[in-house]
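One structure, as structure tokens, below. Some questions next.
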Amino acid sequence: MSIQSIVRKLLIAASTIAVGLSLTTLEASAQSAADRAVEAAKKYSGTTLNVLYEAGLQPLDPKNFTGPLWEKLTGIKINVIEAPIDQLFTKTMQAHKAGSGSYDVLNVLPNQMPDLALAGALEPLDKFVDKYGYREELQKIAPVYRDNQMKVEGVIYGLPDDGDVLIMYYNRAIFDDAKNKAGFKAKHGYDLAPPKTWKEFSEIGQYLTDTLAPKVYGAGLFRQPGLAQFMFQERFRVAGGKFFDADTMKATINSEAGISVFKGMVEDNKYMPPGVEQWGFIEPFSAFLAGDIAMTISWPPVGRWAAGYGKGTEALNWIPETKIADKVGYALPPGGTPELAAGFSFGVASGSKNKEAAYLFSQWMNSEEISLKRVQLPYALRDPFRTSHFSNPEYRSRWSNAGDYLDVLKAGAETGLLDLSLLQTDRYEEAMRQAISRLWAQEDPKEILDDLAGQWDKLTKRIGLEKQKRVYNDWANKPNAYPK
Amino acid sequence: MPNLKIDNVNKFYGDVHAVKDLSIDVPAGEFVVLVGPSGCGKSTLLRSIAGLEEISDGDIVLGDRSIANLAPRDRNIAMVFQSYALYPYLSVYENIAFGLRARKASDDEIKKQVDWASELLDIGDYLKRFPRELSGGQRQRVAIGRAIVRNADLFLFDEPLSNLDAKLRDGMREEIKRLHTKLGKTFVYVTHDQIEAMTLADRIVLLRDGVIEQIGAPLDLFERPKNIFVAGFLGSPPMNFMDVDVTEHGTSMALPDGQILSLAGTKISGKIKDGAYTWGVRSEHLSKITETKNTVRAVIDVLQPTGSRTYGTFFLGDCHVVSELEAHDVSKEGEILHLAVAIDRTSFFDPETGSAINS
Amino acid sequence: MITSNSFADKLDQERWFKYFLIAPAVFIILLIGLYPFVKLILVSFQNITMFDNELSYQGFIHYERLFDDDRLWESILHTIIFTAVALPIELILGFLLALLFLERIPYKQVFVGIILLPTVISPIVAGATWKLMFDQRFGPINQVIAWFAGHEVKLLWNIEPALVWPAIMVAEVWQWTPFMFLILLAALSNVDREQLEAAQIDGASWWMTFRKIVLPAIMPVMFIALLIRGLDLFRVFDVVWTMTKGGPGTMTETISIYAYHMAFREFDVSYSAAIAFLIILILTVIVVAALRRMEVSR
Amino acid sequence: MKQWDQGARLWARVFCAMIVTLFFVFPIYWLGAISFKTAEEIFAYPPVWIPANFNFHNYFVLFRDGEAWSIWNSFVTASISTLFAMFFGTIAAYSLVRYKTGGNHLGIWIISQRMIPPICVVFPVFLLFVAWDIVDTYTGLIVLYTAFNLPYVIWMMRGYIQEIPLELEQSALVDGLTRWAVLWKVVMPMAKSGLFATAVFTFIFAWNDFLFALILSRSDVVTFPVKVTGYFGAQSSLWSKVGALSMLGVLPMIFVVGTMQRFIVRGISMGAVKG
């Protein structure tokens, strides 16, 4: 207890210093995008902005760090409103439908952006971007996020603010072990190294499980349908699959690629720990930190936390203690095109009574200098998303191989695959989630995928085939919709 | 102290005509008992006086003001209920004080009145108790106490004794009568029990189906009932009725089983036309005698000794007759007795209309 | 005759007083109960969706959609099966418990009090509790099963189609069996002792006594308990929401969850209004039929 | 011999009763245990059955971070709405009972209002509240819970008032009380235990509500059930907070079953069983 309280006091002291430091840097660099936002926002001093955030760790940033700082700089109060992630869309739309203007700044999941934009819930931001000269800095956001989480049909609706990407993490102690290396090479004829294809992934996983289980298993991955569908989307496209036929808009999810991926996913479970079918975010994460699995694929925070970054922070006390702090290896998942699963953009609610201030706050948060601090908050869930974040020397020195970490994130930010994004994407995803739970229930992959394709076609028909086709092709023609 | 005048009161419940054109004058200080079988309208009438029911037509006048359209609280009357209606969450003292508090009496005044009432009713010892800690009789006194402290113009009693057991009832009856004497107020009292009516009333109002059957002093009604209903209602055991044929110019009559009784020498002799009558005889007017002349011969069917008296039941034809005999007049069922009839104290009724034949 | 004119006097007259007393309650109920109902019907004939806000009369388009909506009928089927399974289980368990506690047991009130606790806690808390209980790794259920099985078990209560319904069912039965128990206990305690003794003297068998005396005596109360619980089960939301949110897929989606989904996730407002109207219609039919039966059996 | 037999049966019954009670209480014990566990204990395998320390840290965190405020929100909305519902409901019930206002139909109509599932009306209610600008306010939830619980209060109080002897009221009328005074000085004291029991249940219904609170709150008046579900987030299941906040929500109910047992059966059976 006493040690904890000392740690906490230290943390409070540290953050106070951090605020002080940032103030000085702001004053030093004249007329950055952040400064312009602050200058322009001063005329709204005394008002309050309601900012909708995902409940949990995310809001700690605006509550403890950026919110108070912004208020100090501009006199605008930040009122953080939290909602569980599955309520963000509901709360946003609810406020929009009711015209209640409950929120000013929104956190928008990229694949929900088309719905929200077309329903009129989001304010187009181009006019503000131009007015406050933000276009240049916006361009410096890592390409995939910039190109794909910002616009709907050519109009800017969000400032991409989170470098979410599913990266592979492996336990170097196991991969570097001479015995493992020799044994693996003897069996498969190539070196034991982070797998480049799913075939390799399976072979390595199987081999490690065969030799080390039950102490260590080869791999553990997301298997809860909500998360596993991200992995499916990625692997499906890596295997050459396309979601729809671009001309007829018929679902092609039940292609050979789909069926083989589904079969592969079931096969892979065999060398993963028992019960893996239920694994969501926490389970592979804690198993990896405990050294129980050799490989996993997850969001960037796992890579930081596994290395011990943020250890001792009270907000992170639910994280199991890492036993592999200096042994974490980072790589792109098989195929080299990681899924950009979810992520957040800042948006401005069309019903906001204070859109300009809401935009300015978003610009300030999103700007080079402020975002750099935000992605380094130990408890932050915002992951590096600007080219400058990846190359920042301070961040690269945070732990022994933080450089590797940022390099992999950078690579992911170039090749990453977009989440499928359509009108009412959620309905398509829902069907996909359902298909995956049937998969775990040992049903026949082909049958499941045929049904899924049927459901998708029905949905498309209901929503309007032409309308949906336009949105799909708009999405599919983005550089990172499918691997090159 | 005002008189109560009930003037052509009617009360309808939907289609049911519960009280029909009823008028009664109650002089100040009188003890009037409304009696009758259930459903006769006596309670309705009482509750109308209290203001708990709205009358449909007519007027109720207390002194010189009509109270028919006043709220109960504006009528200045007090009422004692069948279930006593004590407030279980209030002490005896507060129960008695309730009406005074409702009228915003001062604490001193309340104390004075409650002390007076509790002494009068002999409940001073348990003023601090709660109703649930009292016996039935004690509760009854409290209920009465609550009524009398108010110095009301009129006291209403709605079957106040019917929830008590027989012994207590006798005692309370006496006390209520004594209370009336002491207070000298007007009492209107409802009961279905003819003994209460007889014992308490200055005047009885006997009701049936919303209509007054007879009104008068208790003994008047008892001895000179206007009709079969009144005759049958008062008295216990009830009056025996049998169909008789009067013959020989009103000097002789045939009982249902054919026995002949001579009317000669009685008040009625010769004053009654020959024909069929309903004859009413109270059981105490049949007495055992040794001689057999002009008597009723009875074969005793059931014997019910009560200690001081013995009831002997017998049949005359189809008619069931109860006679009230000395304790040892009969020793066993099946005995044959000769009973003398006090014919002067019996009543003759028109079998069609039921009205008494005035001799 | 004295006539009273002041407002206070008027109020004190029966005919005004009774309306004065009931008016606020009726007003509030009309406002929050009836208004939304009317609005609901209105909206179901318009076309308000996530993208459209068409307020003109559209006819029965949304009602027609109801028939073509497999997911809706599946959710109704789920709801019916859920009700049809949970209700008898709760009834039978509750009855057995009531029989047990009908006899003399020391500290009976303490036992009964503890057993009652689940019924008065929030269904959300009940759902959360069982979600924790059923966790395949950190929850105690699999652990207990492992003791009996003699080896480690990894039953996936939140995902395996064969287990996810039973898990919800356990939570529901756990929370509401005490309800049945308490009501039946009270009803059984009120069965006329003398009738039972008379039956004993007449030499009636246990079964006959139960059928001819006990059952008729507790029937009216049991019927109401079943009705209350049946309606609750039919609109079950909280427990399912906490434990599975209707998942995996739509496997545990009940009618209320689906209605929520269409209204607050898809914002298919008009269609969800049609669904709501359908639910109210079904419930009305059930309740009217049930009350009829109750009156008949009286 | 027979003596022994009876003794054995008693013990068998007690044993059964204990097993059953264990089944019903264990999940709540588990919840409580989690609320006292450290993070390591919560995520330990095999599970820790009894936390090593009676550790209030998880509660402390709730209060420190202001999240326990949701309990206060629940309390304010539930208790104030209970007061309103009890007041309007009781006088309405009195009118129904004593004056047969609206005949039988009005009573049936009122109770049928309770049958409507919340999900069916919550959207229009939401729009209505937006129009009145009372979304995410105490006023909003209080109005809603008052309305939602009124039918229950009326129904229950109807039963309790029917049991009050009419003569008590008439006696008071004759003694000089106005009708309004009779209601306050006679009916209310007479229905005291019924009022209390009904109020407790009304409170429980509002306290336990989830759906209305979910839709009609945003940040200021989030009640504890809404908060609890929010902890099952995507990236961190805050089990310690789920445990601690849920226990705070359960505590009043422990008090209820501890003190109010004899009223419960009538309360939950909507008056069908008179306890």
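To keep things simple, chains are lettered A, B, C and D as they appear, and every chain counts its residues starting from 1.
Keep this in mind: a residue touches a chain if its C-beta (ideal position, glycine included) is under 8 Å from a C-beta of that chain, and two chains touch if they have at least 3 such contacts.
Note that the structure is predicted; figures quoted are calculated from it, not measured.
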Chain at the geometric heart of the assembly (C-alpha centres): D
Chain pair, most C-beta pairs within the contact cut-off: C-D
Most widely separated chain from chain A, with each centre as the mean of CA atoms: B
Chain A and chain D, separation of their C-alpha mean positions in angstrom: 41
CA centroid of chain B to CA centroid of chain C, Å: 58
Separation of mean Cα positions, chain D and chain C [Å, integer]: 15
Residue numbers of chain A (touch at least two other chains): 86, 94, 226
Where chain D touches two or more other chains, by residue: 43, 127, 178, 215, 229, 232, 239
Numbers and ranges of chain B residues touching at least 2 other chains: 71
Interfacial residue positions of chain C with respect to chain D in the complex: 8, 11-12, 14, 17-19, 21-22, 24-26, 28-29, 31-33, 35-37, 39-40, 43, 97, 100-101, 103-106, 109, 111-126, 128-133, 137-140, 143, 174, 177-179, 182-183, 185-187, 190, 220-221, 224-225, 228, 231, 234-235, 237-238, 241-242, 256, 259-260, 263-264, 269, 272-273, 276-277, 279-280, 283-284, 287
Partner chain A, residues of chain D touching it in the complex: 39-40, 43, 57, 126-127, 130, 135-136, 214-215, 218-219, 229-240
Sites on chain D touched by chain C in the complex: 10, 13-14, 16-18, 20-21, 23-28, 30-31, 34, 42-47, 49, 88-89, 91-92, 94-96, 98-99, 101-102, 106, 110, 112-113, 115-125, 127-128, 143-144, 146-148, 150-151, 154, 178-180, 183, 204, 207-208, 210-211, 215, 224-225, 228-229, 232, 239, 242-243, 246, 249-250, 253-254, 256-258, 261, 264-265, 268-270, 272-273, 275
Contact footprint of chain C on chain A as seen in their complex: 86, 89-90, 93-94, 97, 115, 118-119, 224-226, 274-275, 277-278, 283, 424, 426-427, 430, 433-438, 440-441
Touching residues (chain side chain A, partner chain D) in the complex: 1, 50, 54-57, 79, 81-87, 91, 94, 98-100, 102, 226, 281-282, 286, 299, 301, 317-321, 381
